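Letters A, B, C and D mark the chains in the order given here, with residues in each chain numbered from 1 onward.
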Amino acid sequence: MSVLAVAGGQLLADSVISFDLGALARNFWALTIDGLTYGAIYALVAVGYTLVYGVLRLINFAHSEIFMLGMFGQYATLMLLGFGPSGNAYSEGTMMTIVYLGIAMLGGMAVAGGAAVGLERVAYRPLRKRGAPSLVFLITAIGASFVIQEFVHFVLPKLTGGTLGGVNAQQPIRLVQASDVISFANTSISNIEIVIVVSALTLAFAADVFINRTKFGRGIRAVAQDPVTATLMGVSRERIIMLTFLIGGILAGAAALLYTLRVPSGILYSGGFILGIKAFCAAVLGGIGNLRGALLGGLLLGVMELYGQALFGTEWRDVVAFVLLILVLMFRPTGILGESLGRARA
Amino acid sequence: MSTETTSTVAHLGIGDRFRLWWDALARPTQWAVGVPFIVLIALLPIIKPPVLTTVGTDFAGVLAQFGMYALLAIGLNVVVGQAGLLDLGYVGFYAIGAYTVGLLTSPDSPWNQTDSWLSQKWAWLFALPIAIAITAISGLILGSPTLRLRGDYLAIVTLGFGEIVRLLADNLTTITGGGRGLSRIAYPIVGVSESRPTGYFSAGNNQAPITSGVAWFWLSIVLIIVVLLVVGNLQRSRVGRAWVAIREDEDAAEIMGVPTFKFKLWAFLIGASIGGLSGALYAGQVQFVIPTTFNIINSTLFLVAVVLGGQGNKLGVILGAFVIVYLPNFFLGRTELFGIPINGNEIANYKYLFFGLALIVLLIFRPQGLFPARQKLLAYGREVYVAARRAALALTRPTSDETTGGSR
Amino acid sequence: MRRSTPRLAGMAILVTAGLVLAGCSSKSAGGETTASGSATAAGALAITPLVQVDASGKEVKSSGSSAAATPAGKGGAKCSGVSIAMAGALTGANAALGINILNGLTLAVDEHNAANPDCKVEVKQFDTEGDPQKATQVAPQIVSDTSVIGLLGPAFSGETKATGPIFNQADLLSLTASATNPGLTKNGWSNFFRGLGNDNSQGGAIASYLKDTLGYKKVCVVADDSDYGIGLAEVVTQTLGSVADSACAAKVKTGDKDFSATVQIIKDAAPDAVYYGGYYAEAAPLLSQLRSGGVTAAFASGDGSNDPEFVKQAGDAAKDAYLTCPCGPAPDAFATAYKAKFNIAPGVYSVEAYDLGTIILAGIDSGITTRSDLVKFVAGYDGVGLAKSYKWDKTGELASASTWVYQVK
Amino acid sequence: MSTTPHDPAAGSEHGDQHLGTDEELVTSDTMPEEFLPDGGVIETVAVDVADLHPELADAEQVAELVAPDRTIRAKVGEPLLQMQQVTMKFGGLTALDDVTFDIRRGEILGLIGPNGAGKTTCFNTMTGVYRPTTGQVVFDGRPLGRTKRNEITRLGIARTFQNIRLFSDMTALENVVVGTDARHRTSVPGAIFRSRRHRAEERDALDRGMALLEFVGIGRRATQQARNLPYGDQRRLEIARALATEPKLLCLDEPAAGFNPAEKEDLKGLIRKIRDDGYTVLLIEHDMRLVMGVTDRVVVLEFGRKIAEGLPAEVSADPAVIAAYLGVPDDATA
């Protein structure tokens, strides 16, 4: 116990929840860096929620499952490349490791992007044609979420002879061995953390450029603002919607690879659920429908979660996340940056 | 007659058609049909009809669980189906109800009262209203800051609330026992006898015909009827109309003089108390609570029950709850159905896959649910609707073409 | 869409190229890779028995399995319409444990039935999904099935708590091969017997072993949020006494996969050893994250982590980890027979299930036809099984419970 | 489509014309998809109110039942609502600029102006949707200030919507009853235990609701879902729902939008009838002909400022008004 921990108090008489400022102070930078790593992953997944919400006003509850499929996608790609479950990290040389990771990420992106578009086609489009109310969309999303999870849980192992899916997590394939690159004041930054943060920020930046600078991005923003007018102006709404799902899926697939770098044993049928909820929280925190908000919300949530964990104890991680969400919404009902896909809501 | 009705009123939902038929019956006939029907349902676990009776699990126990889920579905229906507030954390209220009873009556809990002022015999019954009150208050606490949020935000906030409740139960180990749960929770001690040393409601009572499951099923039927009356009275009043108005167009409702915030809060509060009631039943029946029972997936399962049954339709959501609880149990342990060999356990294992597929397909082809029905929102005025129905029948007769002059 | 796809693909490649570059610079800064040679597989590592200890950590000599009772018995027993029920999670997330037990029991019963053609005993399986409410629905079915003479189960402590009164009132033998919560034998259930040491004996054993035999001075005790994990961690913490550092006593959640904050706390405390009370699904990622986080302290866990899957998931990080189990190692002959029948290696509690099945079958072979007689038979049983010797005290605990310490090598 | 007046005993003055199917066709073009009768519950049946409530066959009786029954401080002819130097700004945009006028009790006041003149903003300020940036709205001697929207309704201002906003899942009768509920006080406990007040209110709501439907001419549609009503009837239902709140002031926001000339004639009759029954009416309209034909006084807005006020004849001769309307087709929506 440090001196600071003595300053930390007890909230309830019989030490039901106590907090330890010392732990937070000691590890502040390490927690921040770790938090940014997770936050970057949350942010990438959150973009998928935010884009779909911006265009369709739909909470794509099944997006977490898209992310989960992305994890399996990159895993399968690595297996196709000849990697098997390994106890230790492969040493393929820096250049080749990066190439393999890149291919795996493409694999994850392809699976997740394809699944997202497929989900849109099979589940949401028929509803849109019938003009169903938004609750129906949400419930369908929940249904799709069940189906995808259970598919990976039960059906996928049968299709792949037990290689993929099932009740246990995939045995990790480790391409990169974590090693500290930069160290300062009781804190070190590992190569994996750098790769995750840099890749995620690069992708988020690319997505931002895509939405704000390209023709397709303009289409997305146009449909988000005013679907009717956009349609009249010759923007194909259906195509834009598909594109939106595709981008969301691709980013989720990329996030999936980054996540498995950090948590190699997270590749599990139920492995996307909590992360998806967190990412959705991140999107709402930042202001849902707002691309930069998703980024901000993700990073903020990732960091706050770890601070909270250090402060109150590891078991309070999710509570911290949800309480933060509720508090932010109470004071800023449309999130920190407000909701918009390039505009202010009336 | 019925064929004629269906041909012209093709768009009527099953639920609507049923209600048209029901409303047209005279009061005594309604009693004569309704009471035996309910009695028949209540006797199901004693009759144990072939095929229908579950194989791998106790039929009465399954029906008792159905009773609790039916209450949950009715409560959630008030919030989601009637007031249109998307609540993804409803399981939180279920948990609060169950844990309130557990904390007050389990010897594992630091707040156990059964040694002091609560007699063991009546402890559950005393804890019941307290559980309902506490869940109602928690509904108020959750609702008052969050009900000003728009629908989609409400969804994620309630989802967070549901998780927070479960995590609190999991983390506050000194109070709730955390993952070890609270055991030996009180239950009503009624009908103690030689063969039933702990009474009808004890989990240990396996003495046919009235086993523990049957006793709890009957209790839940009574509670369902009471809750249906309460919710029905609300629905056919200013309150119910306000809810539907809010669901349809919140701004317009506000401008038409509906105090929307107040009635949304009421909806939340009533939904929460019904959830708490069901939770208290759970605690009494299982006599053991642990946090994993209150996973967020259950919230979505309750929502599935509401949507399957047809949101807004009280009786429909009860059927939805039945489907949710009964179907997996129907297959569990079954090795053949009508002579065809099946692997029931395997099918039961896939329940979420099937629920998911069923939801997607159902919502594409029947977005109103299996048993859609429009709610009745007026306490009186039945005669107007009956007259409309008469006119409808008149319309269907090919001879009466001059409908423009009214149906006289 | 047709027009946009190539462009998108191009875009994706560009993004990846950018990423590769970004990764490149970082990687070269990192510079090193630790593994030697490519594609080292974890196949070399396995959980191997180290020593058998009692509750105070002292070594006990193995009682050898040569004298073990066999399910076949003497052969020629006569009985009819008798079945043994097995209750536990057979579907859902916790199914692995239930299936291990079911398979062990099935193996015993099959061997018995082959040797005793006039006494065909049936195994009836009941799925509780590990859910207490489901268990209360399953229990009456078991009780009202008159052919069921004894029950192997329930598998988990939670469902045992919920269903105990039902089996007790029916006076149906409830012989568990896996529920280790110490409180279960304090309910006065005369029909309940535990076929393995409870958390107290296992936790006490490993704690003493860590403290006294291995001489560790500072141990971090981490627990998950399951009944099992909390109980085990509690006993370990108590037995360790001052050696357990409360500053790094972390809690994790079942289902968690990343433990960065926990790792940080432990790293901060720099202990000699880390004890984890919980299951392999969390133990494996926790251990591998501890290792990649630079924590080199010894790692120990209980029977919930004692599963081949633990080694598969944790990989090389699992090396040297201590795993305890109140269960003995599967003898080779048993493992071979098991593998031949179910095409998988025996898991945790398979041996116990086999042994306990053998005991019930011995009761049946001795001519017992009623439930209460079987309860009496088990209460007075004294014999050796594959894993250990079985004799119960009045509460239903094993009279002498020993714990095996395994190490991943 | 005929508007022949017919036997009042039939119970409906406007019932016949709406049974034609051509209107339904119009509807499907203008209504959002979700209102289409796809899968919804359709009760394509007319009910004859007079069968059930014989007194409703008598138009006099109906008018009696519908007439407002509350005390209004302002005497007939005195100002009921006063806009006092109301300015409304949205960011940099000034939607209303120092607007002052009165609505006198018992009159039909027309509020006109070209597109974007600030009519709807003016309207929203009165009904509490917006709060004025400066200035105030005084209603029946009481400044509205920060009064909540639902309380403003209960104070006595009711409105209809330019784009119809009915509770589409409810029947016509239920829609109107929601309006009557604005005057009711039963809450949850009263409803659960079916208190005496609750029962009295429910009876009153039913009677008044049926009478109101009859009054606006859609009594026979009582049991049909709002979404399935023909367009014209939906507009009438909105008026009935607003009247149900027993307003001192009824505000109609472009009630004739989408109407053909014959229907507009009918609407004029209905608005006069409402006034004659004791209500004060504010009419926002685009269609000059309708406004000139029915209003007692007219206020003209342009670019958020009041440019004219007076009798219809005076205003239509005002050069400023003519200038404002020049180049704007005066019947754009017809």
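The rule is simple: a contact is a pair of C-beta atoms (placed from the backbone, for glycine too) under 8 Å apart; a residue touches a chain by one contact, two chains touch by 3 or more.
Please read these numbers as outputs of a predicted model, since none were measured by experiment.
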(Q) So, comparing each chain's Cα centre against the centre of all protein Cα atoms, which one is closest? (A) B
Q: State the pair with the higher C-beta contact count; candidates are A-C and A-B.
A: A-C
Q) When the centre of a chain is set as the mean of its C-alpha atoms, what distance in Å lies between chain C and chain D? A) 73
Q.
Distance between chain A and chain C based on Cα centroids, please, to the nearest Å.
A. 33
Q: Measure off the straight-line distance from the CA centroid of chain A to the CA centroid of chain B, and report it in whole Å.
A: 34
Q: Compute the distance, rounded to whole Å, between the mean C-alpha positions of chain A and chain D.
A: 49
Q. Counting only residues that touch at least 2 other chains, which ones in chain D make the list?
A. 39
Q. Residues of chain C that touch two or more other chains: which are they?
A. 225, 251, 253
Q) Taking each residue of chain A in turn, which ones touch at least two of the other chains? A) 130, 132-133, 313, 315, 318
Q | Touch list for chain B against partner chain A, complex | A | 80, 84, 86, 110, 145-146, 148-153, 155-157, 159-161, 163-164, 167-168, 170-172, 174-175, 296, 300, 303-304, 307, 311, 349-350, 352-353, 355-360, 363-364, 367
Q: Show which residues of chain C lie in contact with chain A when the two form their complex.
A: 1, 4, 8, 11-13, 15-20, 22-24, 26-45, 93, 95-96, 225, 247, 250-253, 255, 257-262, 264-265, 268, 281, 284-285, 288-289, 292-294, 309, 312-318
Q) Tell me, which parts of chain B touch chain C in their complex? A) 56-58, 60-62, 65, 170-171, 173, 178-181, 183, 197-198, 202-206, 208, 211-213, 282, 285-288, 290-293, 329, 332-333, 345, 348-349
Q) Quick one: in the complex, what on chain A touches chain C? A) 1, 5, 23, 26-27, 30-31, 34, 38, 83-95, 97-99, 101-102, 105-106, 109, 167-169, 171-172, 174, 176-182, 188, 190-191, 194-195, 198-199, 202-203, 206, 210, 216, 239, 242-243, 246, 250, 254, 262-266, 268, 270-271, 274, 306, 309-310, 313-315, 317-318
Q) Inside the complex, what are the residues of chain C that reach chain B? A) 90-92, 125-127, 131-134, 136-141, 143-144, 158, 161-163, 165-166, 168-170, 181, 224-227, 229-231, 251, 253-254
